[in-house]
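Next up, some structures in structure tokens.
In what follows, chain A forms one complex with chain B and a second complex with chain C.
Moving on, here comes the complex of A and B:
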């Protein structure tokens, strides 16, 4: 299993590099916005608009797109280059191959999300007094949880759609579904209802991908 | 321990409504080198893909080392070496990286033997797989399949792209090493000389059916081609069963029969042909006769 995960990471090293670079740029932007706000505002209450907008809008949007692309690239490359057909002749099974793939996909999401969560927590602690940071910490934890679920849902959709042959239709469908899921977030917000809907989508999409991958001819 | 390394029961496979395999039954005992023959599109690769769990049958079952092919665990995969048609390796990998991957994903790995094969085939480790010639890819695939010390070696046109020397080297090596320990080989090839050289049992696929399944020597004994010349014309009431092929030209009848025996000889003798000559047949001749679109007969044993 470790070998398969290592292989998946090596195969998708560019996606990991993009994720890490994106996380770095994102953190840089919110750090600058927080410092600027501290320099120009006399009120200790509230956080910078840029940080708020970045965390509740740009992060979910971009991370869901990146996740969908990750799933899509993993499956499309597999089908195109017949990777699983070769791997299946070695001492492994399709289940192991798919599990390693999903694990790697989740790792890509966390490559972006974890540093952003850590940076946000540090910024809140450093630049805001206790009551303010307490309120925002709870809020952002919810935002990060929903963002993670949204990214995971988009990743699963990418996996599911990526097994198709036509590249144009595959990308278009993945893009459309990602935007649709993001719109759901805008409508439902970061509440429990949104979480439940995303959880259902994740389970359904994973089950479909699982079934397809296990029973398809390689 | 199950003595049939491969068991196929009533295997049926349709592709887009077209029947490719029509009720195939086949068993390959341990230690056997089984040569599976058939024309392009006869279903040889489909059988292998189903056996390896890469594809699924429409009906029927297949078993590898006693396990249902559709649910092969890693442990069974690890005992089966496979050389697929077209040598479907990971093309963008360097040879050394592919070797490491295969080694890490194996249950056993014979380093000495693998290094010996790499040296024998003169394979470069630092080149990418896609930059290797077809022949080199075939050799690499063979070396990878044999390094795991397999219980069963499945070879789907393994010598395609190899020069004569490498082909012979490989075949001798495969037979020596694998048969010594009672290992089994399922061997599909278009090069009938190769099959004839190494196989001890032959299966011929035609029109989705396994029309021949018997030991090679028995096949040669059982399939007979006769040239019969009659006094006036070829009798129309020469009713023989298990005719594989027949051709009439004037007074001459060239007939290929399965399961040739004394009874059939007697039937022919009653028509008093002026001449009856047996035409010697190589495996290639038998294969061609069996796969011609003519009345099919089976030679099973």
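Moving on, here comes the complex of A and C:
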């Protein structure tokens, strides 16, 4: 299993590099905006508008697209180069291959999300005195939780769509479904409703992907 | 068995995804229709009470050409009703529910200290702390100091047990701002059903009497909900016609264009909005009216939409201030939970209270109402407006489009929208994806026959008739296809029930989960049959394989 994961990471190293670079740029943007606000603001309440917009809108949007692309690339490459057919001849099962793939996808999402969460927490503690930071902590925890679920849902959709042949239809369908999922965030917001719907989407998508991957001839 | 359970899991997974990815585009399409309707219907339209009743002596003068009025309007932002991303601003949700902050300016205006008051759920106490920015220029940071803790029994520097604990749910007075000293904080503890006035500067807590069971305060002092969807309350001055001499002087100075100012109170501050008009000069005869000033008593809004006055010293109710207007149709007793938005504004002139004005928006944003009360809570006037989209340009077309889009939803969910309408929080109903409580069908059924539940259900079924017809058509097509493909009778039965109940998403699910099997021609009946089944599912004929019959002759080696 560890070998499979290692192989998946090596194969998708470019995606990890893109994710790390994106996280670095994103953190840099919010740090600059927070420092700028800190220098000019006379109120301890409220946070930088740029940081708020970045965390509430841009991060979910870009991370969901990145995740969908990750899932799509993983499955399309597998189908195109018949990687699973080759791996199945070795001492492993399809379930292990799929689990290793999903683990790698989750790792890609966390490569972006975890540094952003850590940076936001540090900025909040540094530039907002407790209990002001405590009031915002609950809100940001919800934002990051929903962002993670949204990214995971888009990744699972990418896994499903990537198994189809036809690159144009695959990309178009994945783009449409990702935008539809992101619009779900606009509709439902960062509340419990959104979390529940995204969780059911993830379970349904993974169930369908699992069934398709296990039963399709390689 | 395992393959059948896998198939069921696959169908359920695909079914949910099909329902979701159909509902999202339909939501946006309906939102577009709804938003266009609102923009056309409510733009520049207001609801007013004229005469306002605040200045009856001026309104009844014979020279008065325009009486005073209280007006409210539907803002353009109504298009964005209920969108979840806009409801999750931390500054308008968690922070303002149990926290309040205000600034105190040092008399010599050199140091500005912020004070934060909030309810600490873990401690069960209301906490007050000072926040000041200190440090060198360019490296200034916020520092907190001087914590004070307040419980039901007193105020102290530490969170002592002798202070007692607030049990909650807590309602905190919002929007307190003081310039030359800390203001008191008024809270209502829902468990012990009392008001508490915490005076941090005097380190004292005043306890009010216990309220009866029929009192359910929901807000104190700043009475508003979803302020971005409830237009501000405007005061319009009374005018009299100018004398010929005044007219002549005005024309010499201004030309024939008059500019006058009306108050447009907002939640931040009062502001003037200049309004131009042409024509004969009218003279403003009204007093200098201000909104959102400081009342002697504190306004408390009850869940039943009644507004009461609370004595700031004794914390006892001293009378009624009025009530929130109930937008039509007034079918059932409405609570504050049943209104999409409301706002209350007290009005003052020359330091004297004139009364309060209240406006509210119905749960489905189809009606706007305003009412005015004098300082004793006596009603001075009220008005309401229900939107009629058929009168607006393009309205009938938009209504028909919205109706058809809503009928693409599953019939069972459309019926659920009718029966669960009252259990939805109004703004949640505007972001519903699957069960639509504000759809045209449940709204029409609710508004048509208020008391006859049988007729309301009939109206609901009539309004979702296109959806039912679509479901039946899809079911017929599905059964035909299932017979061709060779699904078992049991599978056909479940698919039939599912498609009648869930309509288009169920049909899409059927098509996506259909086994991809190439049918061959049956030698017995000539129709398509499945090659993976032993017998033809149409005629029951077996496979003919004459080449498998051994020949009668044998080769015998010599």
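The rule is simple: the second predicted complex is superposed on the first by the 218 of 218 C-alpha atoms of A that agree within 3 Å, B and C clash if a C-alpha of one lies under 4 Å from a C-alpha of the other, contacts with A are read in each partner's own complex, and residues count from 1 in each chain.
Following the convention adopted for this analysis, contacts are C-beta pairs under 8 Å (C-beta built on N, C-alpha and C of every residue); 3 or more make two chains touch, one makes a residue touch a chain.
Given the structure is predicted, the values throughout are model-derived calculations rather than measurements.
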Most chain A residues touched (candidates chain B, chain C): C
First (chain B), second (chain C), both or neither touched by A:18: neither
Touching partner for A:145 - first (chain B), second (chain C), both, neither: neither
First (chain B), second (chain C), both or neither touched by A:91: first
Touched partner set for A:175, first chain B, second chain C, both or neither: neither
Contacts of A:205 with chain B and chain C, given as first, second, both or neither: second
Which superposed partner A:107 touches (first chain B, second chain C, both, neither): neither
Which superposed partner A:5 touches (first chain B, second chain C, both, neither): neither
Touching partner for A:194 - first (chain B), second (chain C), both, neither: second
Chain A positions touched by chain B in one structure and by chain C in the second: 215
In the complex with chain B, residue positions of chain A that touch it: 3-4, 7, 81-83, 85-94, 96, 215, 217-218
Complex interface listing, chain C residues touching chain A: 6, 9-10, 12-14, 16-17, 20-21, 24-25, 27-28, 83-88, 90-91, 93-95, 99, 101, 112, 114, 116, 118, 120, 127, 129, 131, 133, 138, 140-144, 428, 431, 433
Chain C-facing residues of chain A, complex: 38-39, 42-46, 56-57, 126-132, 135-136, 138-139, 142-143, 177, 180, 183-191, 193-194, 197, 200-201, 203-205, 207-208, 211, 215
Sites on chain B touched by chain A in the complex: 49, 52-56, 72-75, 77-78, 80, 82, 84, 88-92, 101-102, 104-107, 148
